[in-house]
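Here the structure is laid out as structure tokens; the discussion comes afterwards.
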């Protein structure tokens, strides 16, 4: 770089050289493209939100209670999402009761107990790959296992096409996500903390319970909430396990014994209404989407904020 | 407290065994957690088993001429797999034209250019976008992307078309691509950037000539995982691409079409059981197995690339 | 460095906990010839491996009771590795493996029947970096006794342990506050108090002062001096003056380069009374190291 060596060290000349080129066109163009990519993505999100809120606003303001509690109907003006919310609620219960304990338990085993053997590595790789299996394939699994094979248990009168089948299917669907995110949170616990526990004569479980889990708690919570949100938004597996796409008579679904009866859930309601040609369903769909988004995005946002908060504190 | 061995003069192996109850509990807990971890193996086995049986029936019983017809109409015994396979490919190509540049661009910006404060606001927005359910994007693709973008680009195109579905899938895939790519970029050691700046390189040079090449395996992995996700996406296509009952072979993205995933959904949707000619039910599992194998292959190869980045740093 | 090792004088057992006050203390044993007192540990041809890498080989030595034994030697010679064998902390490293014997009062610590958890209750450990639990001071101390199933008065244990660790006066009014709010030196003393709370016989310390300033270091050294009447202490240190100041016995390790591979294996060079080690070492390598001519 001999050419750039200043011929003179007069302050003015040096200052000029240090200023360099005023405008770096290539750099500017590059960063502008990158920023554009980001802004387009964010704008699309904004347009989407505007589109559905704008579309569903009239329904949500004109008949909010009827809409939130009403039953499915072939007339858009009467249609409500009560049955969908109920199904989604029970799916959440199944995910929380099945996927969370098994997922967190598996994560604890992999991070705290597992010796580094072939089997452990196999389980690890396997979980990673399970997380990438398309949801519709899980639907097929649920169909084959819970609807066909175990139908007499999940719903003898409904051919197994019940919220039990759906809940178990979605619990299995999000299990790998729960495991991976929990394992990450547990891995972030410093080893010095474990050593401190072992150093005073605690067993593995005592160290985990008293020190590892409390420390990893916020991270695990974030992961599980994200997984729950994912489960609540899935529609494809529900189609496969046979959520009702038509409409449910009130008596069929509103008594609790009908956990073993026909069911529907929010994403299915939306899918079903999207395809309806009758006028008025587009606004009803938009309104249903606003409700689903409110549930899912609030859960997501809470989880993400919670995580960022704790990350900063450490 | 236990007596001190040195003082009482005796210490035996017995006294270092500990309370049996406490350690029995310990090993019971360990077994419970192992069972939880082993569940994942069980699930994989169940997936393969539940798919393989019926798929095998399909493969052995199907009339091979029905695998090469004018279209995919399973209820009429026309199982032209290439129709839905090509449909999947078309949607994926469109999706990656959207998610590739947007996701990578966003990742590079967030990792290399964004000031910490901007990053703290933009990153969560991306993550929230990742949480949008796919039915919602399906609705958006049908009611907004198709009329406002696709039909403006090409007034000839029908309302239901593969293009709109592909764009919708692309939007859905963008945050995933962005987040994996950003992880890869951020795992490039800061020292490498400093070395480049230390030689007087500009930011754009540092990003394109130093950081991106160093992270390239991770970026490839992000792209592959994006593809895998796009191929497996169901609802956007089921809603926005039309062709519910079946589809003719079609290479025009402005026409309705069907993908493997949407074909599965549309076979199962509707009334009670999967109905139709003889092997409709089995064909569902055959397509499912195919899809499973394709995504598995993609994910495994992406895992290879990710590991390559990890090993290097 | 001038050999300034102080001669240890047996101090009166002033602070002996009540539980042990009636135990006759064989005064003559302390500060005397290690060979004559019954050792706490006897290492018998001990080698430690990480996978196929031999980190330490063929160490044989006896660690005497109620004295401070220092491990010194250049970085990477396996001091930490050896120390962690003494309470089976190395079990936590998947690939670690020992050959030879570690006898603790004659019992082989690596016997099939021996439970490492029980071992660690009797042989406590203080780590290089202070690692208090992110909980209250009180909870830090009581965790060990609780998991050991102590039913007695926890308050009393907390006070006694903190007093022994010379921390009581500084924290007695804020036992419920987080331990993370303490200074580094206070945290390390808390870790010592935490180790004392389970009433171990031996305390292993791995460079306990390396993260501390000279004043905090001085306090910890005083503390060790103070508690050695009741505990056997093994300390790893890089600080030659510290070894000379506080220890009764001193072991010098070094690493020898293996001929065929580019690895280093730690060996015990010399083990003797500290005064001897610093004033009249038998081995040239020891002399070079303690006088700062090493490397």
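As written, the chains take the letters A, B and C, and residue 1 is the first residue of each chain.
Convention: a residue touches a chain if its C-beta (ideal position, glycine included) is under 8 Å from a C-beta of that chain, and two chains touch if they have at least 3 such contacts.
All of these numbers come straight from a predicted model, not from anything done at the bench.
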{"item": "Category of the chain touch graph - line, ring, star, complete, other", "value": "complete"}
{"item": "A-B or B-C - the one linked by more C-beta pairs in contact", "value": "A-B"}
{"item": "Whole-Å separation of chain centres (CA-atom averages), chain A against chain C", "value": "49"}
{"item": "Euclidean distance of C-alpha centroids - chain B vs chain C, Å", "value": "52"}
{"item": "Distance between chain centroids, defined by C-alpha means - chain A, chain B (Å)", "value": "13"}
{"item": "Multi-chain contact residues (two or more partners), chain A", "value": "203"}
{"item": "Contacts with 2+ other chains: residues of chain B", "value": "22-23"}
{"item": "Residue list for chain C, restricted to those that touch at least two other chains", "value": "117-118, 122"}
{"item": "In the complex with chain A, residue positions of chain B that touch it", "value": "22-23, 25-26, 29-30, 32-41, 43-44, 46-47, 50-51, 54, 101-106, 108-110, 112-113, 120, 122, 124-129, 131-140, 142-144, 171, 174-175, 178, 202-204, 207-208, 225, 228-229, 231-235, 238-239, 244, 261, 264-265, 268-273, 284-285, 288, 291-292, 295-296, 298-300, 303"}
{"item": "Residues of chain A touching chain C in the complex", "value": "115-116, 190, 192-203, 206, 210-211, 215"}
{"item": "Parts of chain A lying in touch with chain B, wherever the complex brings them together", "value": "24, 26-27, 30-31, 33-38, 40-42, 44-45, 47-48, 51-52, 55, 101-103, 105-106, 108-110, 112-114, 122-123, 125-130, 132-141, 143-145, 159, 161, 172, 175-176, 179, 203-205, 226, 229-230, 232-236, 239-240, 242, 245-246, 267, 270-271, 274-275, 282, 285-286, 289, 292-293, 296-297, 299-301, 304-305, 308"}
{"item": "Chain B to chain C touching residues, read off their complex", "value": "1-2, 4-7, 11-19, 22-23"}
{"item": "Residues of chain C touching chain B in the complex", "value": "19-20, 23, 38, 40, 65, 104-109, 111, 113-115, 117-119, 122, 149-150, 199, 201, 232"}
